[in-house]
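Read through the structure below, which is laid out as structure tokens, and then see the notes.
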Amino acid sequence: MTTSAVKLTVIVERLLKPAVEQLLTKAGVTGWSVFPGGGCGSHGLHRAEAAQLVREFAIVKIEAVLRDRDTAESIARTLTTQYLANQPGIVWLSPVEVWRAGKF
Amino acid sequence: MTTSAVKLTVIVERLLKPAVEQLLTKAGVTGWSVFPGGGCGSHGLHRAEAAQLVREFAIVKIEAVLRDRDTAESIARTLTTQYLANQPGIVWLSPVEVWRAGKF
Amino acid sequence: MTTSAVKLTVIVERLLKPAVEQLLTKAGVTGWSVFPGGGCGSHGLHRAEAAQLVREFAIVKIEAVLRDRDTAESIARTLTTQYLANQPGIVWLSPVEVWRAGKF
Amino acid sequence: MDLFLDFLAAFGRQLQSPTLAFLLGGMAIAALGSRLDIPDAIYRFIVVVLMLRIGLGAGIAIREADLSELMLPALAASVLGVVIVLIGRLTLAPRAGPRPEDGIATAGLFGAVSASTLAAAMVLMEEDGLRFEAWVPALYPFMDIPALITAIVLAQLARKSGKVRPRISAIIVDSLRGSALSALGLGLVLGVIARPDPVFASFYDPLFRGFLSILMLIMGMEAWARLAELRRVAHVYAIYGLTAPLVHGALGFGLGYLAHLATGFSPGGVVLLAVMAASSSDISGPPTLRAAIPSANPAAYIGASTSIGTPVALLSIPLWIALADVIFSL
Amino acid sequence: MDLFLDFLAAFGRQLQSPTLAFLLGGMAIAALGSRLDIPDAIYRFIVVVLMLRIGLGAGIAIREADLSELMLPALAASVLGVVIVLIGRLTLAPRAGPRPEDGIATAGLFGAVSASTLAAAMVLMEEDGLRFEAWVPALYPFMDIPALITAIVLAQLARKSGKVRPRISAIIVDSLRGSALSALGLGLVLGVIARPDPVFASFYDPLFRGFLSILMLIMGMEAWARLAELRRVAHVYAIYGLTAPLVHGALGFGLGYLAHLATGFSPGGVVLLAVMAASSSDISGPPTLRAAIPSANPAAYIGASTSIGTPVALLSIPLWIALADVIFSL
Amino acid sequence: MDLFLDFLAAFGRQLQSPTLAFLLGGMAIAALGSRLDIPDAIYRFIVVVLMLRIGLGAGIAIREADLSELMLPALAASVLGVVIVLIGRLTLAPRAGPRPEDGIATAGLFGAVSASTLAAAMVLMEEDGLRFEAWVPALYPFMDIPALITAIVLAQLARKSGKVRPRISAIIVDSLRGSALSALGLGLVLGVIARPDPVFASFYDPLFRGFLSILMLIMGMEAWARLAELRRVAHVYAIYGLTAPLVHGALGFGLGYLAHLATGFSPGGVVLLAVMAASSSDISGPPTLRAAIPSANPAAYIGASTSIGTPVALLSIPLWIALADVIFSL
């Protein structure tokens, strides 16, 4: 019934959201979801919900489910080397199983 | 210490949230969480946070942790066949480990 | 390229967020993310987005990616035994793979 | 000829209205790629306040109204709602591609009423000094709900799977439970039975124009954003979106004029009836249709309504006002 | 007898107030299953603006006030906060099931003060022309904090685990840091030391009634939503929620009347003291209790306060106004 | 000597302004650990409304203005934007640690303009009765954009990787597409070509002071929160943040005074020019710099601007007003 796939999770500032979405589109990913949030890391605190002066610096989580692990890895590589070297953000991969594999 | 379980993740429009929650309740699932967001897929773009005219078409993610994989599969099957055939939405399953297994 | 790690997910009321963050900091976790939401469980319904009288009772999800599984387990143990005995909340663990392992 | 020049002059004057300017401004900044956006929480609050304001205003005035006068216009509104959808069934649906539901759902939205267009018309008429019976905005659900139900019934007939009968009462209840109609109804009831005049005068009325200007901005940006989607469906939707508001508005004006002759329905009331007929729903109608006609393609009906129907209906408000100025020689 | 008729007339007149109508309207639409909701961001902003408004108003007026007058009413407020919780300890807690904490926490909330009820009373009194010393709303924390502390201490005594002593200063500091009390305090200080009169007159005061009407709507919807939870706990909570506001309000009125006799405390001040005593906290009290008495069942104390206590306290405001009208023969 | 006493008196009077009191209040409650916060959706809406208000106000007035008068002050604004960054390049950057970008980016923000400071100055001047040409607030982008571009160009020169040439037009377009500048521009255009006077008078203008007071609260809380970050970077940023606004403001005042002598630029205009020069961007400048100079440390430039630069610039507004009172002997 189900097909194995991977979920690529990217947590970045909203400033980088267009760049991430462009990478996903270029790699042929057909869909993703975006969730606003906050967080804490080596670049300090990012508030969730309370007023934050610069909207572009708010945290978003982008989740994309893909069937092809290599594609996911190559997107993650580009992100970590080209964008996240000196900008806040992390990337991880996790195993999932999906229905209607044709959608992914 | 921990018990294996599965997490069923459903991404749908708010319009379908009551239907999903009813399915979960009927299947005896004891709890779930809901996160508002946005996304992109075969049915086009769904904004997160910016004004969107029809609230019922906003994206929500529903996550339910269950111990019984069969229950999760049957919920997912009903969803994908009955609701998501021509409506936006995806479903996936992922492995988790929980504490206090009695809660699930 | 990637390193195995675990993701600890904690769903609690905002009231407990400072306690969870303190536990994470004490355990040496270097970063986490926070997402506001809602949910349903043995303590009843928590709305997402609609006005809710007491802000401290809103649901948040805290996700921390760690390389050391034992640390994650000990945080989860403290949480479930000391805080979540009679307060709403659940905790789960899931496998992930990360890039730039040094960040975690 | 003079009449026509008067009409053009009145039309041109109205087009300068700030309400319409905010709509065009929203389209312009969206077209220019601006990152300006209005938070969703603000948008939802604005809709609630506008609908409460419309309801409260109508309710306060209804206290002293002769409600028997309401009957004929309410009937006219319901007839318009049904007739507009039937026209769409006959004209749009057969030309709108393989699935008739797409055209029927679109006609359903155009038969229904747009809250933002109604509010804009109220502000424009106030600026023009054109008065109407206070209960006219309360005709909204009398046109809106019959239109949606007609579309849903037609869609089920079209599918020929005669088995599932639409539960009309369920659709009515569900419509009335929606955020916008609930707020309108609540305002109406409070206006009639409580004495909300102080809070109406200190809060709801002063915020009306301002919140409407923000809503127009949002409608403009949204209209532009949805244009892309509309390009993916048949041309006929664009043509329908451009022409239907004018045809429907003329129908509404005509029926309203008959009510004027019959029971003295006010010129302002005639204009508001025309505007409601011309307008197409883009906030509360779409989810009702999505739930009841899941096989219809939302890109078609929402695109046609939000991207073209609503801007055209909004920009046609001055037309009906100018027409009234001339016909009722105000 | 005449007095009683006067009282009934005054009471009836007040009940028509739009403020209370919005509360009942909120309960009604929730009961009817409406999907109308107010975004959380708006709700939180409304609470901040209302509390800033109350603080600024008090602060501006305090500049010219004789603060020695404040002492006796402040003492009365604190005594009321403590006594109400003690009464609850003796009456409610023993009847409220196996765990005394549940009853104690409930009594704590009823001893504390509801910001929305206080704001509603201010608007209703303004409509009635009933005046009070400007600093009276600033008595809020003098009643609120002692009540919460008393409940927390009683709960710890009840658990007989005498070891953990409550850090009273920590509770006070934590209470004052909450959003509502912070805003009240900030408004108060700015009112006294800055000259915020223009922004008060152009923004905070005009929005007061309107934002309160929205808050009443929310309180009404929330009261209805929580009723289901209340059904899961003992009946005695419902009985307490129905009667306690009246008993506490009468106590507050009585103590206020003594202060009136002693130092000329104004009739309006007496009413506000009664309202604060009658009211039960539902925004800022619950998290303090949850953190300090984690073993108490929130369904019990929040249900009793939000679902029953607050509506009853709000609907009893006209009672205290009518009582003052009669007793002070205004 | 008398002049100096006049100046001190005027300065002291201005410091009592509620606008500045809300700023200090925000810092105070943040320092005291209050949990009060303003929802992000409200904050974003406030910025849009304030910028629309500034734009509409300028646009409405520009209709009757002689735009040739605008040329010299616009030139002065642009020169100030560039010169301030060059000064920072020479003074701050060499002392600001190993990476010159950090200092250059900081100078870029201080050359750019703060919307909140501009709005606060407008309210303070209105209270003081100091008038200015209505188009002066529209000078904002004439100073803001050249400053950001200068910083970006200097950063690229500093990196000596001469290959990548900054696409200046892309930066201009991207700046203008930001939320704040879009709203300002939209308001300006609507003010000139539509007739938004009624909605300006009923909504945008009355909300101006109130929304500004909330924004000041946010700026104060944010300034306090960012101080911690600033402690992690070199001392020189704190020193720059404290002194640069005064130096830049004096420069702005000087250039404005020359324009006054040359073309009769109003005293109020001179003050606004000084305020824009003194102010440092904290809403729209940072993301432009982050995108264009990714290697610069945001903790340095945002900390210096938000935590120190903006409070100092806000508190220096009374200084420029007092200076104008004395120099133009108003």
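Think of it as A, B, C, D, E and F in the order they're written, each chain with its own count starting at 1.
Everything below uses one rule, namely that contacts are C-beta pairs under 8 Å (C-beta built on N, C-alpha and C of every residue); 3 or more make two chains touch, one makes a residue touch a chain.
On a predicted model such as this, the values are computed, not experimentally measured, just so you know.
Colleague: Minimal path length between chain C and chain E through chains that touch?
Modeller: Minimum step count, chain C to chain E: 1.
Colleague: Touching chain B and chain F alike: which chains?
Modeller: A, D
Colleague: Return the distance between the CA-based centres of chain A and chain F, expressed in whole Å.
Modeller: Chain A and chain F have C-alpha centres separated by 35 Å.
Colleague: Just how far, in Å, is the C-alpha centre of chain E from the one of chain D?
Modeller: Centre separation, chain D to chain E: 42 Å.
Colleague: Measuring centre to centre with CA averages, how many angstrom lie between chain A and chain B?
Modeller: 19
Colleague: Distance between chain B and chain E based on Cα centroids, please, to the nearest Å.
Modeller: Roughly 40 Å, centre to centre.
Colleague: Among the residues of chain C, which are close enough to touch at least two other chains?
Modeller: 35-36, 49, 94-95
Colleague: Among the residues of chain F, pick out those that touch two or more other chains and give their numbers.
Modeller: Each of 37-42, 44, 179, 206-207 in chain F touches at least two other chains.
Colleague: Chain pairs that touch, all of them, please.
Modeller: Those chain pairs which touch are A-B, A-C, A-F, B-C, B-D, C-E, D-E, D-F, E-F.
Colleague: Could you list, by residue number, the parts of chain E that touch chain F in their complex?
Modeller: For this pair, the touching residues of chain E are 39-42, 44-45, 48, 173, 177-179, 182-183, 186, 189-190, 193-199, 202-204, 206-207.
Colleague: So in the complex, which bits of chain D are touching chain F?
Modeller: So the residues of chain D touching chain F come out as 16-22, 25, 28-29, 32-42, 127, 206-207, 209-213, 217.
Colleague: Help me check something: in the complex, which residues belonging to chain C touch chain E?
Modeller: It is residues 15, 43-44, 47, 49-58, 86-87 of chain C that touch chain E.
Colleague: Please name which positions on chain C make contact with chain A in the complex.
Modeller: Against chain A, chain C makes touches at 1-2, 5, 7, 21, 30-36, 60, 65, 94-100, 103.
Colleague: Write out the stretch or stretches of chain A touching chain C in their complex.
Modeller: Residues 9, 11, 35-42, 48-49, 59, 61, 73, 76-77, 80, 84, 90-95 of chain A touch chain C in their complex.
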